[in-house]
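Scrolling down, you'll hit the structures one after another.
Both complexes below contain subunit A, partnered by subunit B and then by subunit C.
Our next item is the complex of A and B:
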């Protein structure tokens, strides 16, 4: 996409290494040479001279723990992930109309504009809680079923579809689907809980709860893009597209999409882990399964976390150093477009320690897992090929199952005076 | 129904304030209403009224009565006393206050002296405190919809105040001994379907 799009949600004071644009280190080289892979570091803005957020509205002053609300794209996608995020799926009530959906989005837009900036909503039952946003973002996405529910499937964008079934799926309704998905993230779980309850109750009887999936990352002073260790102990989330730059087309719908410009697609997969069997492995077997070192996430062929792996390297006995079935190798893009932004969060089911998603033959199940949140412009084109490859072969499949799945269109952002969904639901 | 803004002058002031504050949720985001053709007449008529409301909202309910809240501001040099009002959606609009009765209970009564918004000051209308009471509702008050309440001042002026319908679980004291307003799940559901059709 070449449309001039100013950096809408770049982090004002992102620390870290230089802002080198990672053009040229991409997948194309990988495909040609086969010896290096795209290995962008944790995503960062490709062109943020001063980190200024444009619209002027919503950005916190120094010290104010707020994230921008207004802009052509919703916050919560390309903004750094906070320590706590929950995804809240809602279904529209039976008989709900397009007007009802618009009305809910209008309420939420107004509420979100306040809550994210640390201001109480109208009719706020706990205004004091609203004054501690801790970098709160709320992002609203619509599943295809929302359009069907209100009898307006014609308004759904063509690129919003369900994922095909995968052999490794063990999907449960209780973690899947949803007409509306709210993504609520903050450094404070208290803030998340307040925003969650406020927004859902504010929508009244027009919506019904479907599921809630809450996850966590390591605590930090501010939200940040860093690769996290998942519950298996692996460094996860190393390779990411470049934000607010040359990879925008991977994450966002572009100007050619008209009213859907600035939208994205959320793919949320709930990945249950069997730590019981995983923990029976010795470290070398664990590293072989992922293709990276446990200690620092570096490829087994050496270097650091962000060093490209050498897929041609062999051991003394002629075996590949990086197992052809390793997760990293299977997940690597085979084409430049097979990439997407990831915001993974760990989860732990503290309320349900018996029974559960894994099949009986998988013996014991631990209540740990990963909320694999991916954002892309086109899930069918970008996400599905990778997932299909992983379903075909991935050593990690031995210890993991997808038990939930959801695809939803992240609505375009709003400017002051606009309401979420206003243009696309017209 | 579509809402009208209170005054264009107010709208501008509020939006500017919101932007300066680095935010701009409700006030700015309702500016779309300003394009409503009905705005022009009322704003012209009231462009000089010093009485405005910010963060105005009215509790959603199916029927009966409900309360309206918000921060009233008086930019004028003389106190403004709101004695009552009217609205397209209610048969009666009164200024109400909470008082303590002989048994020590908080009860809702009409403010005999009205609501005074001091010159250059403000009066916060809130649940459990002074508010505007809408009675004999002629249609449900729906969350996410804006409504106009025309308040009458002691000086005989009429001023349109825009309030946004919002779900709220409090402000139940309004209805003690009054019409059955409590919205249980069944009612809510019916309401939802009603508003869909």
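Our next item is the complex of A and C:
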């Protein structure tokens, strides 16, 4: 472990709590990016009064468990995360036109409107598999390359850019990029698989599969916003913005964006974890690297999971209790705008578990890791400063490595009669 | 489709219902092997009064959801199937001795007894991940090659043999065989992953990973014995033997086996499904191939899922309603002993979904399919006749292909103070 670097920071003027308020309020952070609430002592669960039930979710006529499809924002971002989610990247076929892209989105809108409600699609090849949505949501996002592919860069929003390179990345093409990214989530892997097949088939020869990344959370009866342990044992996802309220501007494009109002940015980072070297650490070393207790996710300065950390506390020998290089301390926002929504999922490439134990240099080859999905209005402004700080210094970098990266614009939602992308691809 | 072959059969004398009773009682069958109940009109759920709650399952002191570990038979066979199960094949390292094998089993018995109850193992490297068992079961089975590897073929039971080759197989080494097969099941993939890593790590250099096959069922609040749709949309798992009762001899080795009493045989077949060609069929053709309705799993001769099929019924033009080559008809037992327990799980190789649509010749390359896990006292006597009949003729063979196969002896259960394999490897 190298000593943490000291860096100086400047912040643009930002409405909301100032630096001191943020640093002192105990905003926390988790693996590979910080997201925080303005009032961290009482984080409010997204879209829900009790933090457990999906807002707006209901039961269809046949008792199926469904999430709403129509609305100004797509479901699957601020709705509670289900047990299984997969991200499916597709590239437009060579020579595809804007009309092809529009046609695909029109078909998908129709199909998504039915599948998410537990109804067979038109000309469904397996209608018996379409009737168990289990809170299915499908969210559609476009990478900047989609606009380039159809020769209409001019339609891409200015806020949709690539991430800069980070020194700690070991990105592989096979997990990166993509013209179109579908996010498919449900309590049931069977449902995810069927929706996935149906939508890709429905797009026909105009798209080519690029990659699929499937992840899981611990199961619960219904989707819910709760922190849970990732594969390293770390309690991950404690701190989130307040949804459907004052933090909306952190996640969604606003009315001032006109046709892009209701859009968001997906940043999906595939973070490989070297569990072999990590698990050889003693618990104290793990907790020092994280900055939180393994047992309950509380800061090392005490309290519970939601207690603010005391960054000024020192040990008897004068060392900081919370290591300056700890992940929590490096990832926590240093300005109010360095916050975003996260839906992290664990992944495991079970087909690839036949290797021997990993050495430190092999982290990028690990079959275990985290699909770190972040959602923000502006990735460059909100996500990049945090990721840059983590790339500079984060004790967890010893055991983690980003092996995939993708940025895409989550399209605005639709009302009945509209189709996805209708306004922004006009 | 070729016409079904007519074959003649002879059956050894068998206690229980005779041929006529079986054929007339509506015993059903499902993909790749038939299992039936003696009284198919009222199949009794295994190990459960209501068919939904795991028998003997309880909650630990901390509210964790646990399955019993100790008993004359290992959990994970006749206990209700959880949402996720993986089979992990390991080979003993070159030069491994019987003592090495015994040592591994001793360590695992200790670790399994703790993990399944939500308690950290001794010297647990990630105790915080060991406390959420979610009905975790781990079952240990030995392939015949394990006995050969340690130079003690004489200890292998006579009833543990390889399957004969079947003309319809396209077996791959990467999904076949294995000295040791761990079966790890839980409602939570996180729990499965942690138990898997912990046990393999605990075995040390004496084992080498061979393959991992992970599958899923639709989620339910608790593990339960219910039929559910496989990836082809077929209702699969309707018919099972009666557990903990008169059919025990079909699944378990009995008292007459002495040290092997309480053992079983696992037959794991990896069956690739060509969903691209299958989904291009119209529903009537699919139902004809299966012999049951897609909508509810009822036989094509009517009634509900559990109604006996009328194999003599004909259409107005004199053709049988249930095609003689249909999967149900070919797979259904033609003798009382041609029955076994099934725990089928769907699989999907999401990392491998980047190919184009599959043609008929590509079925063996499909990333979708079924992990068909059968349990019986004697695979040669119970499983092989059914599989031989299916290899001869089964309309579903057009869309399915066995790409992996493995047979292993599920060790007898243990009581406190004993360790797995203690009696049979003495």
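Note that the second predicted complex is superposed on the first by the 349 of 426 C-alpha atoms of A that agree within 3 Å, B and C clash if a C-alpha of one lies under 4 Å from a C-alpha of the other, contacts with A are read in each partner's own complex, and residues count from 1 in each chain.
By definition in this document, a residue touches a chain if its C-beta (ideal position, glycine included) is under 8 Å from a C-beta of that chain, and two chains touch if they have at least 3 such contacts.
Since this is a predicted model, take the numbers as computed values, not measurements.
Student: In the overlaid three-chain picture, which partner chain does A:337 touch, first (subunit B) or second (subunit C), both, or neither?
Tutor: A:337 contacts neither subunit B nor subunit C.
Student: Determine, under the contact definition given at the top, whether A:306 touches first (subunit B), second (subunit C), both, or neither.
Tutor: A:306: touches no partner chain.
Student: With the two structures laid over each other on chain A, which partner does A:389 touch: subunit B (first), subunit C (second), both, or neither?
Tutor: A:389 sits against neither subunit B nor subunit C.
Student: Looking at A:224, would you say it contacts subunit B, subunit C, both, or neither? Reply first, second, both or neither.
Tutor: It touches nothing on subunit B or subunit C.
Student: Contact-wise, after the overlay, does A:125 reach subunit B, subunit C, both or neither (first, second, both, neither)?
Tutor: Touch status of A:125: both partners.
Student: On the A-aligned overlay, A:349 touches which partner chain: subunit B = first, subunit C = second, or both, or neither?
Tutor: So A:349 only meets subunit C here.
Student: So, does A:193 touch the first partner subunit B, the second partner subunit C, both, or neither?
Tutor: The answer is second: A:193 touches subunit C but not subunit B.
Student: Applying the touch criterion given at the start, work out whether A:97 contacts subunit B, subunit C, both or neither, answering first, second, both or neither.
Tutor: first
Student: Kindly list the residues of subunit A that each of subunit B and subunit C touches, one partner per complex.
Tutor: In the superposed arrangement, which is not itself an observed complex, subunit A uses residues 125, 201 for both subunit B and subunit C.
Student: Quick check on the complex: what are the subunit B residues that touch subunit A?
Tutor: 15, 18-19, 22-26, 28-32, 55-57, 59-60, 69, 142-145, 164, 166-170, 185, 188-189, 191-193, 195-197
Student: Quick check on the complex: what are the subunit A residues that touch subunit B?
Tutor: Residues of subunit A touching subunit B: 56-61, 64, 66, 69-70, 93-97, 99-100, 103-104, 106-107, 109-114, 117, 119, 121-123, 125, 201-206, 414, 416-419, 422.
Student: Touching subunit A in the complex: which residues of subunit C?
Tutor: Touch list, subunit C to subunit A: 83, 86, 88, 125-126, 128-129, 132, 134, 187-191, 193-194, 196-197, 201, 208-214, 216-219, 221, 228-229, 231-233, 275, 279-280, 294-295, 346, 348-357, 368.
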